[in-house]
Amino acid sequence: MGLLSKKDAKLITDPLADNNPITIQVLGICSALAITAELKASLVMGIAVLFVLSVGNVVISLMRNIIPSKIRIIVQLIVVAALVIIVDQVLKAFAFELSKTLSVFIGLIITNCIIMGRFEAFALANKPWQSFLDGIGNALGYAIILVIVGFFRELLGSGTLFGIPVLGDPIEMTGVYGLGYENNGFMLMPPMALIIVGLIIWVQRSRNKDLIED
Amino acid sequence: MIEHLELFFKSIFVDNMVFAVFLGMCSYLAVSKKVATAVGLGAAVIFVLAITVPLNWLLDQYLLQPGALAWADGSANGEGFSGMDLGFLSFIMFIATIATMVQLVEIVVEKFSPSLYNSLGIFLPLIAVNCAILGGSLFMQSREIETFGLAVNYGVSSGIGWFLAILAIAAIREKIRYSNVPAPLRGLGITFIITGLMGIGFLSFGGMLTGGEDETPSPEPTAQVEKIQTEDAKELAENTKIAE
Amino acid sequence: MAVNTDKNSYTIIFAVAMVVIVGSLLAFTASSLKPNIEENKRMEKQQNILYAMGVNGNEGTGDITFVSTDKVAGEFSTYIKEQLVIENGVAKVDDQAYLIDVKKEQAKAKNGGTRRLPLFIGEKDGKTSYIVPIRGKGLWDAIWGFVALDKNMVVQGAFFDHAGETPGLGANIKQRYFMDDFDGEKLLNDAGAFKGITVAKGNNDPKNLIKDDNEVDALAGATITGDGVSAMIKKDLKLYLPYFKNLK
């Protein structure tokens, strides 16, 4: 990455693993549970957050010197809500099909604490370019976990990936279903997402002992 | 009265904010290491929910719902102000109310009760980003809570549900410190898994109190239908203009 | 020059400025995009109505496909023979009936007003369908749909949609395998009384071959959304009962 200095590159790579927003910073859990029953939804949510977080970070960073500290929470929330609502309206007017797919996520994006969390922790104290990179990095780290959880939940819960059957047909009893395999409908329930994230944390911290809590 | 009781128990157990709809997870996971701090945050959440849900209910009823602006110019049936639908503003209005209330509460508490302020401390601003709070207002809107009293009830009881959840996990986490958990799972990892298991447990409440009024079997379905038929169909037959 | 951002006066000015800027920005986008959005919504409604009566681009067992947007207006006027608005027991012909907002009508009924009930009469391959809009609540937000009936209130086709149900769970009401299960189901029981259709778990009929049990198979993990579908079918379709009784 010749474009980025070493420090800037770290802003992107750190949140992918060692400072992951979900497994380390504990941000954005609710949405990670709500929409990961399907791989496609996980991916769409990841991309939407990537957009909102990077743009929002830049906006907040540009405003960081003029925001009164007493009302900064309101300002941050209103900026992100206005951003999301405007994008939603524009999509509804010019890309209606796309907006139908995305409209489910609008509430989840505004209430997503990963966005507020990064505004508070980073964008309020850093320059726009760094904030932009931080937004990209954190959104990617978030998306990675979402996709992993979505992959396992959809595969084990419905036997499909992106809606395409990969394990055979459960009604016609072909593929692995012919061997007596059955879909575990429980994987579709939100509690299983928590347990999968717990297992991801287990794997991640076994590989990097520095992350282990006391 | 009975509807108040039903809503109260339903919001605490059946629709528990944490275990049933998985809202407010971030602060639930991050601030549940000790029972004392968990109690502080839980109480603050109850307080803010109890204020913001009724406030947003008023906003929803008199500003946002389709036809809600009828009071402004006395119009009805979709003319003038009553025809406006400001629904697209509900997110931003609700958020503004919540953030304002949180900030206001912070300022007031700091001024009049420094000791309480110190014990709540950092938890107050954290509440604004707790999605259980916004979730409470949005559920209130989408479930069409009917009266102001019920809105207060809903705010308080869903807050209590969240309080109980964080209290339970904090107590478990204090105990589990003495257990032999695999090192990489210690702390956050095991908390995720325990919460998942508790969520599975709470699924068993799911069958209670759901859709009560729809499930009541109408004992004489024919008689009921006859009534509708005779009343409305007669009228229909009289003025009918159906081109068939 | 650095501003003192802690001063009360500055805070208030900033807050007022922000409200004005954000408010006017939102109002501007909302009003300037309104015609486009309404046009899109209008076409979507026509597509949905046509979908329910079986005019769609479905092939094999794939995803749901609507009539394309450039053809929808033409197809709508070809297949929909008549649009009615039923109000106080009087049915009037109104070719804008499909634009009636069911949400607003429900709110009106709740506030003691009279609810206008739109009904669309379509004809395809010599078969007449009566298409009725319905609306209710799912787990998170609103759910709605269109049900095409014949004159005995047997379902000819159904379309459901939702504002924010959980992807992979409640959102599956918009999948073909769920909607197609409604075809042929009866809204009346054998005695001719209104019974509705219940989205039922474990009803011994997962392939949905029995058509007179007033039940369709539920979606895994989406109990509340399924109950919402049952409830909106029961509540909203019941309102049209006098009309259907009158047809016979």
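Should a chain be cited, it is by its letter among A, B and C, assigned in written order, with residues numbered from 1 in that chain.
Basically, a contact is a pair of C-beta atoms (placed from the backbone, for glycine too) under 8 Å apart; a residue touches a chain by one contact, two chains touch by 3 or more.
Model, not experiment: these values are computed from the prediction.
The remaining chains, considered with chain A omitted and nothing else moved, are all joined by touching into one piece.
Measuring from the average of all protein CA coordinates, the nearest chain centre is that of B.
A straight line joining the Cα centres of chain B and chain C is 25 Å long. Annotation: 30 Å between the Cα-based centres of chain A and chain C. Chain C has residues 22, 26, 30, 140 in contact with two or more other chains. Residue positions 88, 92, 138 of chain B are each in touch with at least two other chains.
For chain A, the set of residues that touch two or more other chains comprises 34, 70-71, 74, 78, 82, 85, 89, 107, 189.
The touching residues of chain B, counted against chain A in their complex, run 22-27, 29-30, 88, 91-92, 95-96, 98-100, 102-103, 107, 125, 128-131, 134-135, 138, 182-193, 195-200, 203.
Residue ranges of chain C in contact with chain B, taken from their complex: 22, 26, 30, 82, 84, 88-93, 101, 103-104, 107-108, 111, 113, 137, 140-142, 189, 191-195, 223-224, 227, 230-231, 234, 238, 241-243, 245-247.
Residues of chain B that touch chain C in their complex: 65-67, 76-78, 85, 88-89, 92, 138, 142-144, 206, 210-211, 214, 221-222, 224-225, 228-229, 232-233, 235-244.
The part of chain A that touches chain C in the complex is made up of residues 34-35, 37-38, 40-41, 65-71, 74-75, 78, 82, 85-86, 89-90, 92-94, 96, 103-104, 107, 153-154, 157-158, 171, 185, 188-189. Within the complex, the chain A residues that touch chain B are 23-24, 26-30, 33-34, 70-71, 73-74, 77-78, 81-82, 84-85, 89, 106-107, 110-113, 116-117, 189-195, 197-199, 201-206, 209, 211-214.
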